[in-house]
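Here come two complexes built around subunit A, the first alongside subunit B, the second alongside subunit C.
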Partner chain A sequence: MDFSWLPAYGGMFFEAFFLTLKLALMAIATGTVLGVAAGILLTSRFRLIRGIVRVYVELFRGSPLLVQLFMVYFGLPHVGVNISLNMTTVLVFTLYGGAYIAEITRSGIEAIPKGQWEAAESLGLNYFQTMGHVIFRQTLKIAFPSLVGFYIGMIKDSSLASVIGYSELVKKSQTIMNMTARPFETYIVVGLCYFIICFPLSKLVSYIEKRSEAK
Partner chain B sequence: MFLDWLFPIYHLPELLRGAAVTLETSAAAFLFSFFLGMLFAIVRFHKKPLVLYPIVTAFVEVFRNTPLLVQLFFIYFGFPQFGIMLSPMQAGMLGLVANSASYYSEILRGGIQSIPKGQWEAADCLGLSRPQVFTRIICPQVIRDTFPSITNQMVLVIFGTSVLSILDVKELTQVASILNSQSFRSMEIFTFVMLLYYGVTTLALAVCRFCYRRWFAAKTERR
Partner chain C sequence: MIEVKDICKSFGNLQVLKKVSLTVNNGDVVAVIGPSGSGKSTMLRCINRLEVIDGGSISVDGAEINGNDKQIRKIRQNMGMVFQSFNLFPHLTVYDNIALAPRLIHRKKKEELDPLVDELLQKVGLRDKKDSFPAQLSGGQQQRIAIARALAMKPNYMLFDEPTSALDPELIGEVLVVIRQLALEGMTMIIVTHEMNFARDTADRVVMMDGGQIIEEGAPDRLFQDPENERTRAFLHSVIGRQ
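Up next, the complex of A and B:
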């Protein structure tokens, strides 16, 4: 093993690391917004709404991210919609993340005892007030560990964006690898980059889970 | 611009052959990673043997906290630097099994930990040997208790095989990519493949539910 090339390419790694962080954060932000909305709709009283959202969630939870990436990346131009690579990537990650976060949100909402809804109703709160003031903040607390767990997954899954040519850590590292001809060491550094974000987060998740179990 | 939704149907034999490779790969990766994960879980639970414990812990943490894609590249492109040449399938399998075994070890370790200590002691009193206690008493309960997580991870293994397409393993996603580059009927092909994956995972989950009912339903009622 030989890491003597690393100082020369350190800056490139740093830059690439931030590109990955940027993509992951964007995907997490938009995915959460979509997912929470879809998750709330999944608990809707109206069957039609539930049905439509259910189809979306099932489809995107039931197929690999890579196929979804290919479908949008190759498929959209094929039907005449031309959007940039950045847009495509963020769109796919949003749809993918949204589907999973919708399920997490739904199960969180359903974990709240029915009595709370009834109590809120008898206090004269309407649906939105109940959801906003009573249910959702409790849901957030319940869903938090699974949510962070999924965010870790999103950070790691963002590596797949390199396959359609989105310039992030893995994509940039291929360039570096071609220049240094040191794939073994390069991928150790790349792995380390992911590890230093994901490891503390997964420790956080297990800490929260342990604490809530102890209660 | 027109869409030809029959196109994937014309190429059904190729796609199904790809799906078969996906299923075989998933099944093999699932079995290997489950058993390896179980071994890891035992080591992690007992914190013994002393030499293995830190190695296994480090292995599990590293593989759980880095992307599968990077692990596959590391194995496929990195190992030849030391003269270890692996075929795409071998490298893919190795990466997938190592990745999934790490997840299984955490799932199963949690399961083992939640079994009350009294059960170990009771089984000890009955004169069962350590391996017997584990295989007859502890393991079945762990599998029952962690069944949803086990099936969940199994679905992730099926999805994980799609990443092997990047190493040019001829599974479903790769077959679809090849068809796509020959015909540019992207929307039709990938929509069809998405549904195919959905079908495969739904089928796998149905089989799991059947197994669960068959093996554990009577026993869970008692609780």
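Up next, the complex of A and C:
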């Protein structure tokens, strides 16, 4: 193995690493907002609302992210919508992540004992006060490990954006490989880059899980 | 005044309430007794619409409860409920459990909430637990906090759904003391309970339920000493015999 080429390409790696982080963080942020909202709607007492959201969730959970990327990338210009590659990528990751986060949120809400709803409602709180101050606060705690677990998945899945040309780590590393002719070593570096982000996150989850068990 | 008229309630094929009627005047303390499955808790839960009745009517202060969300919230704000399993909010401190409803509904600020919470904690004898979380308290303490929380909206009515049934025997007394104190202060209350001695010395009126119906009601001394209904007699015999 030969890593002597690495210092010369450090800047490029760093830039690509930053773009991967940027994509993942944006997708996580917007996907969480969308997913939490959709998850709350999945517990709505109105069947029609539940039905509509359910269709969205199942569509995006039931097809590969790679296919969704291609569909939106090629499909949007087809229907006359021209948005940047950046926007397209974030859009797809948001919709995809939102669908999973919706399910995580829903199952978290449903895990809260019925007595919590009853206690809040018997005090005269309305639905939004009950959801906001009593139910959702407890849901967050329950859902946190699965949520971070999914975030780790999102960070790794962001590598798929390379197929439509988004210049994140994997895409950039192909360029680097062409110049260095060192595929094995390059991929080791790429893998390490993901590991540096994901490993602390999964450690964080097990730390928090242990702490709440100890309580 | 709470007027329950001919209410019916079924869960699937099981009819839990069969034309139950009950009038509770202001200042009344009504104890509801009866074997488990007799519909006591369901009746109580229908009164603040945690369960929706299938037939009959329930009026509070002359207004019949209909499906209107706003109306039922108003009624609930005036009707504290205490549950068998306490149902405190585990993510909030004792202070926040009590202050939540007045803060959200009456938009009360800290200056008003502090003395209110303090007064309620004093009433249940737990002033030193203001900053504790529910999990740090014993069952008896949790239930006393739940009573304080139910009182935070200054309700005219209180409903108690088997408030001591989930407690260890040595913790029951401290909760009953608090409820008894409320009775002395003139609070209008409906208490579903298995504590016969408590029902006898605290209630103005005892209601005996069996098989989804009220089979007998009357003054505690009369009902306990000389029950008219055979099933009341058998029930009292089996519970008091054991005590």
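Rule of thumb we're sticking to: the second predicted complex is superposed on the first by the 209 of 215 C-alpha atoms of A that agree within 3 Å, B and C clash if a C-alpha of one lies under 4 Å from a C-alpha of the other, contacts with A are read in each partner's own complex, and residues count from 1 in each chain.
By our rule, a residue touches a chain if its C-beta (ideal position, glycine included) is under 8 Å from a C-beta of that chain, and two chains touch if they have at least 3 such contacts.
Worth saying up front: this structure is predicted, and the values here are computed from it rather than measured.
In the superposed model, A:R54 lies in contact with neither subunit B nor subunit C.
Shared-chain residue A:G75: touches subunit B; no touch with subunit C. Once chain A of one complex is fitted onto chain A of the other, the partner contacts of A:E118 are limited to subunit C, with no touch recorded for subunit B. By the touch criterion defined above, A:S162 lies against subunit B but remains apart from subunit C after alignment on the C-alpha atoms of chain A.
Looking at the superposition, the partner that touches the larger set of subunit A residues, subunit B or subunit C, turns out to be B. Under the contact criterion defined above, no residue of subunit A touches both subunit B in one complex and subunit C in the other. Interface of subunit C with subunit A (complex): residues 48, 50, 69, 73-74, 76-77, 79-81, 83, 85, 87-91, 100-101, 104-105, 135, 146, 149-150, 152-153. Within the complex formed with subunit C, the subunit A residues making contact are 113, 115-116, 118-126, 129, 133-134, 137-138, 141, 215.
Those residues of subunit B that touch subunit A in the shared complex are 1, 3, 61-62, 64-71, 73-74, 77-82, 158-160, 162-163, 165-166, 173, 176-177, 180, 184-187, 190-191, 193-195, 197-198, 201-202. The residues of subunit A lying in touch with subunit B in their complex are 58-59, 62-68, 70-71, 74-80, 152, 156-160, 162-163, 170, 177, 182-184, 186-188, 190-191, 194-195, 198-199, 202.
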